[in-house]
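As structure tokens, here come the structures.
One chain, chain A, appears in both complexes that follow, with chain B as partner in the first and chain C in the second.
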Partner chain A sequence: MGYLGYLRFAMERLASAILTLLGVSILVFTAIHLIPGSYEAVMLGPQAPEAARERLREKYGLDDPLPQQYMRWLLAFLGGDMGIALCRSQQSIGQQACENADQAPIIAEFARRAPATIQLAFMAAAIANLVGIPLGILAGLSAGSRTVRGSSRAISALGMGIPSFVLGTLFVYVFSVHDLGLTVGGYVPLSEDPEANLRAMVLPAITLSIFGTALFARTTRDAVLTVLAEPFIMAAVARGESPRQIVRRHVLRNAAIPVVTVSAVNMGYLLGGAAIAELLFSVPGFGWYVLAAIHKRDYAVVQAGVLVAAVAFVAVNLLADLAYAIIDPRTIRRGRG
Partner chain B sequence: MKVPFRGDFLSRLAVVLLISLLLLGFVGPSLPVGDPAAIAFGPRLSPPAPGWLMGTDNLGRTMLPRVLQGIRITFVLAATPVLITSVLAVVIGMLAGYLGGWFDELVARLADVLFAFPSLLLGLILVAIMGPGVRGITAAIILITLPLMVRVVRATTLTIASRDYVAASRVSGASLARLLLVHLLPNIAGAVVVQATFTISVSMLIESGLSFLGIGVQPPVASLGSLVQNGSVYLVQAPWLALAPGVFLALAIFAVNLLGDGLRDRLDPLEAHGLK
Partner chain C sequence: MRSLLQIEQITVEYATESGPLRALDGASLNVAAGETVGIVGESGSGKSTLALTIGRILPAYASHVAGDVIFDGYSVFAHSTSEMRSFRRDELGFIFQNPVSALDPTMRVKYQLAHILDVKSSDPSIMSQLDRVGLKDVERVANRFPHELSGGMAQRVVIALAIARGPRLLIADEPTSSLDSTIRDQILELLFALPAQTGATLLLFTHDLRSVAKYCDRVAVMYGGNVIEHGPANKIFSRPVHPYTEALLKAAPGAEEIGGKIEAIPGRPPILRGRSEQCPFAPRCRWVVDICRHQRPVAQTVDGRLVSCHRAEEMASVAPACQIIGANHAS
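This part shows the complex of A and B:
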């Protein structure tokens, strides 16, 4: 399985990812068209004269057959044109209507908000990795003890069970009542004031990371247990390798494989799931923007947002698949499970 | 009588917790705990006190019966879609795994597509189509949980379908229905039950998340998630409003997860030890 084999595998994966995204785009397009209320009614209001509606439909080609409209939308999207947001500034969630002032291109708004979400996702992923993996290794290596087995099971059930908004609400309460150095809200871009930025981002990052931490701890523990049962571990023991060597050379290296996969799934979840943490801690990110758009029925933003999130998710998974095939070349031969 | 979960303290804890929560949710509201809808039942935003054990909200409604009702709504809204998902997944997954071919390919592709949506956004977009409320959430939970469940059923079916007794039955002329219902179904049932249990915890997370965002259940119905949302407005003056339902919600999902682990160890030992 040389270089060519890997290339073929990579192309297959890429093709499959593109196919998936095409499916996603069709689904999103159809879904948006199923939402009650026509575009003209949203743009012009329910009492607009028929002539004005006609002009608008003409302008955007809304009378064309749906497949044609879909192709036009998709091509524009690929060219970076995601449409225009109905609302200029989408700060508050509760407010239903929006001032129809300067309409901003959606892509500009996404670009402005992406850094906060990406930073949040990376911080949460870092916390989940740094806490979850060592916990999982520890739990796996000392699984002989009943207490460790029981407590790691209970902790992971709790970590995966506490909804992020419950934990976040608890943080908001504790940290806004007591002054503990971290701020609730008050986001500043990283480039302007790194210290203030971190103060504001730590709590949302922890809130967002809790599920991933539990997931990593659990996956790592299971992976370590699986590897420990392999015959080559017994062989290494028989050869007289020290436990430290065995863990470093055999256990960790082999247990890394499932952890990489979960890592990708978690990253995708973080990018899409950041909305709740952003909302709770007033981080002006991508997720919050899409969420506010749903409340304001600004479906152009929703459509673009869901598609962008799906692209990010599929891309991260594709990268994980490719990395995985380098770590464990057997996957190439096995193909898709 | 056989004692379930012998020697498994955590699974027993989970069962006790779940039974207590179900009793609280289904029997609790009919106990004399006050009228959940009565405005000005007590003073506004009062901390827990003898007349209103969980305090009162901004309209002076007593929280205790509202939280008890919320527990019931949360369980019902989580269990209903999971039941539907399980039935659909068993039918689709078994057929895909057993028949293979284009049907299998189609199912795998559709599952990939649904998987590519961040679950919260998929939920949001479905609720946008169906309108907020019970119907929208139920549809959202089914579509979000279906792909994983189908994959589990399909993978388990593949393992079982390659066993000799299935081949023996096939060559001796058993019908497709007989093969699926008599030979495959009983053998994948364990995996389905385990997966369904974990799916209940996922669907509780989705429902409460959507309700917390204000697009889940609509007033006057309240689930634990929407109670947390209502309470979070008064977080600093009256923290119990948000934290009490939050604690019950976390407890419920915690118990379901623990039960899932316990069931996995008993019903699906191969999966439990990573040998599959």
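This part shows the complex of A and C:
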């Protein structure tokens, strides 16, 4: 099978990703409509006259059947029109004031916040990959040693067990009290002042990376151990290959699949916006914005936010799927069943 | 003939949760250069352990307790790690049971050969190696991944990897048991053509007595971690001396008369926890006498072969000519 087989495999994966996203969009749309309180009640308040409500319903077609409303929403979404936010989000969640005069298109709000979230996601993912994977390889290759086995298990359990708000709070405390060169809060866009930006982004990135680091370390370790038990490793030993050659030629590539999988899931999760870290370190990102919208019952933003996060998640996983087929050519055949 | 491989009283144990398990209990075997030896026995007789011991590729939970493996005058246990690696690389060729899983699934065939030959993947020597093992359309095979090959093609590739550096000893552990019966003979023909071409020595570890009878010069029968009878194939197949060999030949499919049934050996092979102080076959032997239960038999030469049986002389004089598989052995 050559490039055609690969192309076909890629098309199949793309189709399945689109189906997944359609499913998510239906789910989100339905969920929002299940929430008590109609749109006009939220917009106009409980005391609004019936005529005003009627006008609003008419304007937005709220009396149309739900499937029709769904189609309208989806088509608008695809055209980049995600609707209007009820209020321009303030920098803090507690603030309830919401002036209609400040209404802004949701897509513009998302676009403003995306750079911070994307930068944070890439930094956290980079730290997690660069630390977690080598640790896992090391732990897998020296699994015979009791000390390594014990300590790697303890470290990964700790890393996966510690909630990001605990670690984040700890960082906030330590770095606020002592001047250690990194700032807590004080986000500046990368384009304005790269140095100040990095200073502010390192702590939230580390906070977010801990879980991924532990996850990658454990996944990589298990994958390496699984590969080491494969007959072709024994065959390589029997052919006189050195441990270094065996690791470089056979172990790394064969152990990559599960690592790429968790790496993609982690990246998708990070791109969806890591609300807690953004909140703790005052990074004006996507996750924080959607979280604030939930507090303010700004359902249009929530609806669009969930779908955007889902698109990011599915897209990253699609990329991972396409990568598998390059790493392990058997994937294409398996995918076809 | 000059001896290439001497296995002397080799003893190997596996660490298990219920204590050490002795897989080889003082097995000895002498193999001359250029011979083809079939090593037969039931599962658990120590065949695979013996194969792995020669290359010192036993798993980590196995330990070499005693004895020696001497290849061309040097003990393999005396080699340093790096000496051992070049020994494996240049002198040994292993062929495993399942060819597809013995190949790295993520690497095209040509790269696997290129690594072994230490050449670029475009080197013409790769094609000639594939050609040598009877593969057709070598260009295409070279560019394939292992899962795109049939079992027979994959085993040819594994053989090509094994012989690429011209080893003096080929060790094939059940090389055909995962293949279709139609492919089996082709692979065996290929394997046994190699010693004739290159002068290599071939050890075939198998439970398939027919292929041993058909292709091997000599047979070594293993039981309870020991080689209990070893000699020329035609002699042993036509007239087994050890009661176990006789029972094994009778239990082989194809040995029964038409309409008759296969004579299974009663009882089970022993599980050794330490050195056996009796004949390991004593509990299942129908010729058993007192001494078999108290003393380990010592290998002795009887009727042109080595036999470890207290009653070997007797057995040789009364054993009926066995008209089993070996009857039409032509050598």
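Going forward, the second predicted complex is superposed on the first by the 332 of 337 C-alpha atoms of A that agree within 3 Å, B and C clash if a C-alpha of one lies under 4 Å from a C-alpha of the other, contacts with A are read in each partner's own complex, and residues count from 1 in each chain.
Quick note on the criterion: a contact is a pair of C-beta atoms (placed from the backbone, for glycine too) under 8 Å apart; a residue touches a chain by one contact, two chains touch by 3 or more.
Computed from a predicted model, the values in this text were never measured in an experiment.
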Practice prompt. Specify the outcome, clash or fit, for chain B and chain C once both structures are aligned onto chain A.
Written response: fit
Fill in: Contacts of A:329 with chain B and chain C, given as first, second, both or neither
second
Practice prompt. May I ask you to decide whether A:31 touches chain B, chain C, both, or neither, giving the answer as first, second, both or neither?
Written response: first
Discussion item. Looking at A:249 after the superposition, I want to know if it touches chain B, chain C, both of them or none. Which is it: first, second, both, neither?
Written reply: second
Discussion item. Going by the contact rule set out at the top, does A:235 touch chain B (first), chain C (second), both, or neither?
Written reply: second
Discussion item. Which chain, chain B or chain C, ends up touching more residues of chain A in the combined arrangement?
Written reply: B
Item to complete: Examine A:161 and indicate which partner it touches, taking first as chain B and second as chain C; both and neither are also allowed.
Response: first
Worksheet, complete the sentence: Once both structures are superposed, the least CA distance from chain B to chain C in Å comes to 12
Worksheet, complete the sentence: Seen from chain A, its contact residues with chain B in the complex are 16, 19-21, 23-24, 27-28, 31-32, 34-36, 93, 150, 153-154, 156-158, 160-166, 169-170, 172-173, 176-177, 222-223, 225-226, 229, 268-269, 271-273, 275-276, 279, 290-291, 294-295, 297, 299, 302, 305-306, 309-310, 313-314, 336-337
Worksheet item: Tell me, which parts of chain A touch chain C in their complex?
Response: 1, 144, 230-232, 234-242, 245, 249-250, 253-254, 327-330, 333
Worksheet entry | chain B to chain A touching residues, read off their complex | 9-10, 108-110, 112-113, 116-122, 124-129, 131, 155, 201, 205, 208-209, 212-215, 225, 228-229, 232, 235-236, 239, 242-243, 246-247, 249-250, 253-254, 256-258, 261, 273-275
Worksheet entry | Residue numbers on chain C that touch chain A, as the complex places them | 55, 57, 60, 82, 84-90, 92, 94, 96, 98, 101-107, 115-116, 145, 147-148, 158, 161-162
